[in-house]
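Before anything else, here is the set of structures, which you'll find just below.
In the two complexes below, chain A is the common chain; its partner is chain B in one and chain C in the other.
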Partner chain A sequence: MRRPLSPEDHKISFTQFVFTIYKTQIGIGILTLPRDLVETTGTDGWISLLIGYAIAVTVSILIIAAMSKYPNDTLYELLPRLFGAWIGGGLSLLWIGYAAGGSLVMLLWSIHLTQVWVLPAISSPTLMFLFVLPICLYTFHGLKLVGRFGEFVYLISFWMPLSLFWGLKDAHWLNFLPIGHNGWVNIILAVKTTLLSFLGFELAFILYPYLTEKKRAIQGVVFANTLALITYSIATVISFLQFSEETLKEYVWPSLVLLKLIRLPFVERFEIIFVALYLVILFATIVPYLYMAAMGANRLLRTKNHRYYTIAFLAGCVVLSVLFRPSFWQLQWMGRQYGKAGFLLAFLFPVFLWLWGIGYRFIRKERHP
Partner chain B sequence: MKRIPKRYLSLFALIMLMATCACGKSTALEMLQIMGVYGIDLNEEGRLQAYSSSPIFSREANKKYNITKTTALSTRQSRLQLDSMSIGALTGRKLATVLVGKKLLTEKSIYPYMDVLFRDPSSEINASIAMVDGNVSEIMESEMDDKGRLEVVLFEEIETSYEDRICVLTRAYQLEDQLLNPRITPYVTEIKALPGEIKVTGTALLSDDGKYAGSLNNKESSLLLLLQRDIGRPIQLMLDLPSKGIVTINIKNANYNMHSAYGKERFQFRVAVHAEAELTEQATNWKENIPVPVLEQEIAKQLQQECDKLIGKIQRYRVDPIGFGYYAKAYQLSRWKEVEDNWGDAFAQADIEITTRVKLTSTGAVK
Partner chain C sequence: MNHLSTSLADNLETAQHLFCQSPDLVIRPFQLKSEQRALLLYFEGLVDKVSITHDILRPLISEAEAIKELSNAPVTVGRVQTVSDWTQVEISLFTGKCVLFVDGIAEALIMFTQGWPQRAISEPQTESTIKGAHQGFVETGEQNIALIRRYLPNHELKLNQYIIGKRVRSTMTLLYLSDIVKPDLVKEMEKRLQSIDVDAILSTGELTDYLDDHPFNLLPQFQTTERPDAAVAHLLQGRIALVVDHSPTVLVGPVTFVSFFQTVDDYSHRWLVASFLRALRFVALLITIFLPASYISLIAFHFEVLPFKLLLSIGESRARVPFPPIIEAFLMEISIEMLREAGLRLPGPVGQTIGVVGGIVIGQAAVQAGIVSNIMVIIVALTAISSFIIPDFDMASSLRLIRFPFMIAASLFGLIGIVISMLLLVGFIMSMRTLGIPYGIPVAPLDMRDWKDIFVRFPLFMLKQRPRSTNATQLRRQGRNRKGGQGGNGA
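What follows is the complex of A and B.
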């Protein structure tokens, strides 16, 4: 706790940049995405997924474009610079709240998931305490450790989406026909669901200034989004092949039901092992968001150390888990609120920021030719 | 960051391990009642009767498995009652077979009784479902002295009968999908208790609301598997040919060509089956030498007649276990939407034309 972090602790490489964003994007969403899509547009969801991907890539590139004019600023320095101290500070506060809220929602979801699938008898404060410890360790250092964690999680978990192929027992390709049978309006409506699954690319706001190879930043965000698209496509297409629309609507966790179909001669209930390992992936979403919030608070209050905020937040989580045990519907509600905030901040705000940046520089040039 | 001294680390690990210890209620295997077979039926008064069969691990017990029986209102309640009668905690995690009585299926829909299986994340959704022609108690109480544990016998028998292609095999998750999916009607294995034996008699067809509609015998079940494109394992069929008498063929591979249309106010399906088969038995007329093309044609014709008979039968029952509804929805969407809720009736009206072509690949080791 003593040694302050040096700039060296924040430098991240290209692969760390890609995998941190990718692993932040893959969270709880993939476990429920097939059902979310089926509810709005049936088996045409894959089209919405592609549209969502295109939008997410565009917005990520806009983020890089907006940031590249001020290559050493993170979001929290950029906002006061472009909007002035007061408005910039307010916007920073919004972002901090969004990132902290995101990690809180994910933490609560991870606990719910563990309690439903793996350990039905364990109390949530115990779980929360156990979860908080590794998260704390990973957010204590600089961004470099967050990046390395992203890389590490990718390496140990790249087999997980592939294991869904095992669950494919009887594939009905006709489930996909006729294309567009639920109407094109619904396909557009479902894009909103898919957009939320791509949330996580907004981390580029804090990762970009520390990226060593800045020229490859755009390539990096496209890479990350594509990896996320591949992962989501595997989960949705396999679910659509295996189950009919009507059945998928009944499943709360369709991707995990797919895993239940796997029967290995030496191990039963494979999904328990999967969910237990999946916690690491969920942590890879919580850690960057928490870091983003702590970093913002640190900059906003002009303190020297982000660790105090991390500890305060995590301790708050443990206390919260004692006082409040959310039901599934409450969690869903929280997820939706987080989604709405994400839609405003991660999708609309970068576009606005990019346009504002252009206008800002244009006016400055007019005044000081 | 200053390193945490090693002794604190081990203390930390200890605390965390203690926390995880507390989360699992450790249970000894002897104390668990592991339900292998779960049976439900209606008794004479129309009340739900539930049975469970679990292996016994205790050394003192003489029998290898124990059967518990109870009368209840719902599946969950029956579980509670079975639990109260069993030695240890009842668990459905190793469920291998679910037996449903014919009386229950005739009077009520199967869906609400399966709900608990789908809802509980810890229950086994790979359990196979079978209908008992008769009372479930006949199976549960049948003598298994020369066979072994009831759950193993049932599991193996259904599984191997499916591999021998004389019945269908429906797992719990498949049944749920068939029940909810309007494009196909459910079907389950049908078994019957004979004195000292359990016989797999074929397939029980259910209507879309989960009630019993009719049965198929072993041979019709094989044909059903052929039309369902379930040819992962060869399908054995015995045919009576005009020239050669009774022969047995092994269908090893088949290509399907499906065409669907709508006309004359009904759905029209044309299925072309191109099968590759080998001759495995000629039971009667073994002296005469029939040229292979003639044989192929006769087999194809016979196969087509059998298929037509099967289609006629399922249309009479107003069920569609083959899944023609998939094609109806995929290619005739506007018409499909009109009959979506009542596919069984629309299917009964449909024109179905099956053409077969058989290619004999070998006649085995003899000419």
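What follows is the complex of A and C.
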């Protein structure tokens, strides 16, 4: 195995910070989001999206606020510092499990997506083996490559949400009216769905210490969340314009169904190519989470190289794909569990951490004035 | 036995012993006018004989008084040097200098009378240009340095010389603009050059194997150029150039992936035309890598993507072909690579014949015989043409190789195979460094300030700063030209 990475290998720039978070936020969720929203609140989902955005931004800023007092600590150094070795270690373990679980769920979903849309005949172990190769490469080289990957993915995929505009050809603007016809309670209930779409900003926990321009960190998380909001809005609003509530409920992948409307003179079923390319975006979600987990394990066990854990995890994934082939319902169940964990760890935990940090510093000041 | 002796007879004996079996060594004993005995040694063919007759032998024989100090010898050669040991005498003789021994002095006078056979300066073969200069480098290091100096008469142009190769002892000259280049870059290059321990470096290409950061990677990590104006353009952007004696190509670094798609000619065209050409090259890059692979995957796995009519015509053309598309593609790709290589190695007129035989006879006959389909011939031809659009020969060759793994992946896993291969390729590009510079800059890591001169070329007066991808210490390239938009420079 090659040399361990030095801190220099992890420095990331502002754009890398923004795009890594943004591309982690955009994952499998956007493909199903319009239907998930319609199920709870009908075409008023866009209001829930805005509320979800506001909460996500607030929590992201709290993360930066909590981290900024200890600018050189990642989450895995901060936890033992604030909570002591044992509780801190336990919390680290929780985060490692969450990040590793997140990347596993995403990997399984990617395989499912590929089998449904692109290559129905291919076996899951083969796909898993193929997917593991680039993921391994990207995770190996540390945050620098993770950041560059985020930038690259942004550059080659910025046309993707724009291609959805094709669906505007015969839009029904009346679909939106009347606003609030499903009741405000439902709108609030749907916020939880939208919150999960914004998961990914918690990466700031490990990215922030390596950011070169720390002063712009808050600006960075706001940018990333806003980019995610714009992308989600395009997908949901155009789906609502194109399909009625009842139709939308029947589609499993409404955003991809939108792409079926695209007919180019030389390409008939554009969505197949789109889904193949969309894998790149899914990998941009898997890689940062996997790195977050591997890095945490590395810190927790005080070893020098995160690559052992990466290899162990990915090898485990390949073995798992041979033994177990999840059905769609099992995948959905896993997604829900991951969502619950994400809600606890990414939304509630930063608030708690921020308050705890303030209390901790206050008490220490009292003791050692 | 390393030092020279005061006795001329001893020196003669040593020389004969050292250079036995060298019939081209001329040993010329003669007497000065003052009847002091002297000895002139040189290798025939490596020296300028006229200069030896006129500037050395004639003055020494006809007018020289007794010589006490060699540096005062009455020779009319521009550059001379006194040495006192045999190693240096040997090196000087082999590099085309002539050596004078005088009886009673334990030193030798080296006179720089090189005049070996060399090629005239001609138009570069691999980098031809329409509007740029038509001079190319030759095989003599000093000439090449002179060509660069002609373009860049500036005292900041510094030259560091190194001798590399235990047996061949080639001179390498590192050129850089000392106020622009980052000092670390020169140090790093120096370190790498000095750590090379080999018998011989005969060409610039050999050197890259020793200098590359990632020797096992397929992509070129140094640019080579045959054109002095290109070398100077690189120097002005804050890069370093390495002139290798014996080789008509100059090594330039640090380079990034995108810099292989730029040529000096881009700056002599008008900017819109140049931008179009730049964009065309990147399209060619995509076609070279992805077109055959995409075709294979679409035919073998995802035919539903194609519109029905297109599918019909492809099916018609493939109806008689007994092979799966990957074998068809490999047959054609390999035969076109062979044709290319054959055309390259054969003398000009014969090479053209090969082109005709290959292109028309094999292509047409193979289609009629039902071995390959018409569409595959079109795809392969298009791929070949686009790979020739890429201006850098090394990069074009690497990309031609890279498309084979893409084709295999496409035939096994369809579009997914292509996407995975692309991710691996991009991952390697992004993780590479050349001389401390990320290979993927300015795309990933992203630096929008450099984008003015990559996929398009902005008008020159808007390129106010040097590219940041070279880590140059001094960025200012020009002041504000064309103020107010319309008039000429400040008019």
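In this section, the second predicted complex is superposed on the first by the 369 of 369 C-alpha atoms of A that agree within 3 Å, B and C clash if a C-alpha of one lies under 4 Å from a C-alpha of the other, contacts with A are read in each partner's own complex, and residues count from 1 in each chain.
The working rule: a contact is a pair of C-beta atoms (placed from the backbone, for glycine too) under 8 Å apart; a residue touches a chain by one contact, two chains touch by 3 or more.
It should be emphasised that the depicted structure is a prediction, and the values quoted were computed from it without experimental measurement.
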Touched partner set for A:L94, first chain B, second chain C, both or neither: neither
Partner chain(s) touched by A:I273 [first = chain B, second = chain C, both, neither]: second
Partner chain(s) touched by A:P134 [first = chain B, second = chain C, both, neither]: second
Partner chain in contact with A:V257 - chain B first, chain C second, else both or neither: first
First (chain B), second (chain C), both or neither touched by A:L119: both
Which superposed partner A:G147 touches (first chain B, second chain C, both, neither): second
Touching partner for A:P265 - first (chain B), second (chain C), both, neither: second
Partner chain(s) touched by A:H172 [first = chain B, second = chain C, both, neither]: first
First (chain B), second (chain C), both or neither touched by A:I311: neither
Residues of chain A at both interfaces, chain B in one complex, chain C in the other: 119, 122, 126, 130, 133, 141, 268-269
Residues on chain C engaged by chain A in the complex (per definition of touch): 301-302, 304-308, 310, 413-420, 423-424, 426-428, 430-431, 438, 440, 443-446
Touch list for chain B against partner chain A, complex: 1-2, 16, 19-20, 22-25, 93-94, 118, 121-122, 125-126, 173-174, 176-177, 180-183, 326-327, 329-331, 333
Of chain A, residues touching chain C in the complex: 13, 15-16, 19, 114, 118-119, 122, 126-127, 130-131, 133-134, 137-138, 141, 145, 147-149, 151-152, 155, 265-270, 272-273, 276-277, 279-280, 283
Chain A - residues contacting chain B, complex: 1-3, 116-117, 119-122, 126, 129-130, 133, 140-141, 170, 172, 174-175, 177-178, 181, 243-244, 246-247, 250, 253, 256-257, 260-261, 263, 268-269
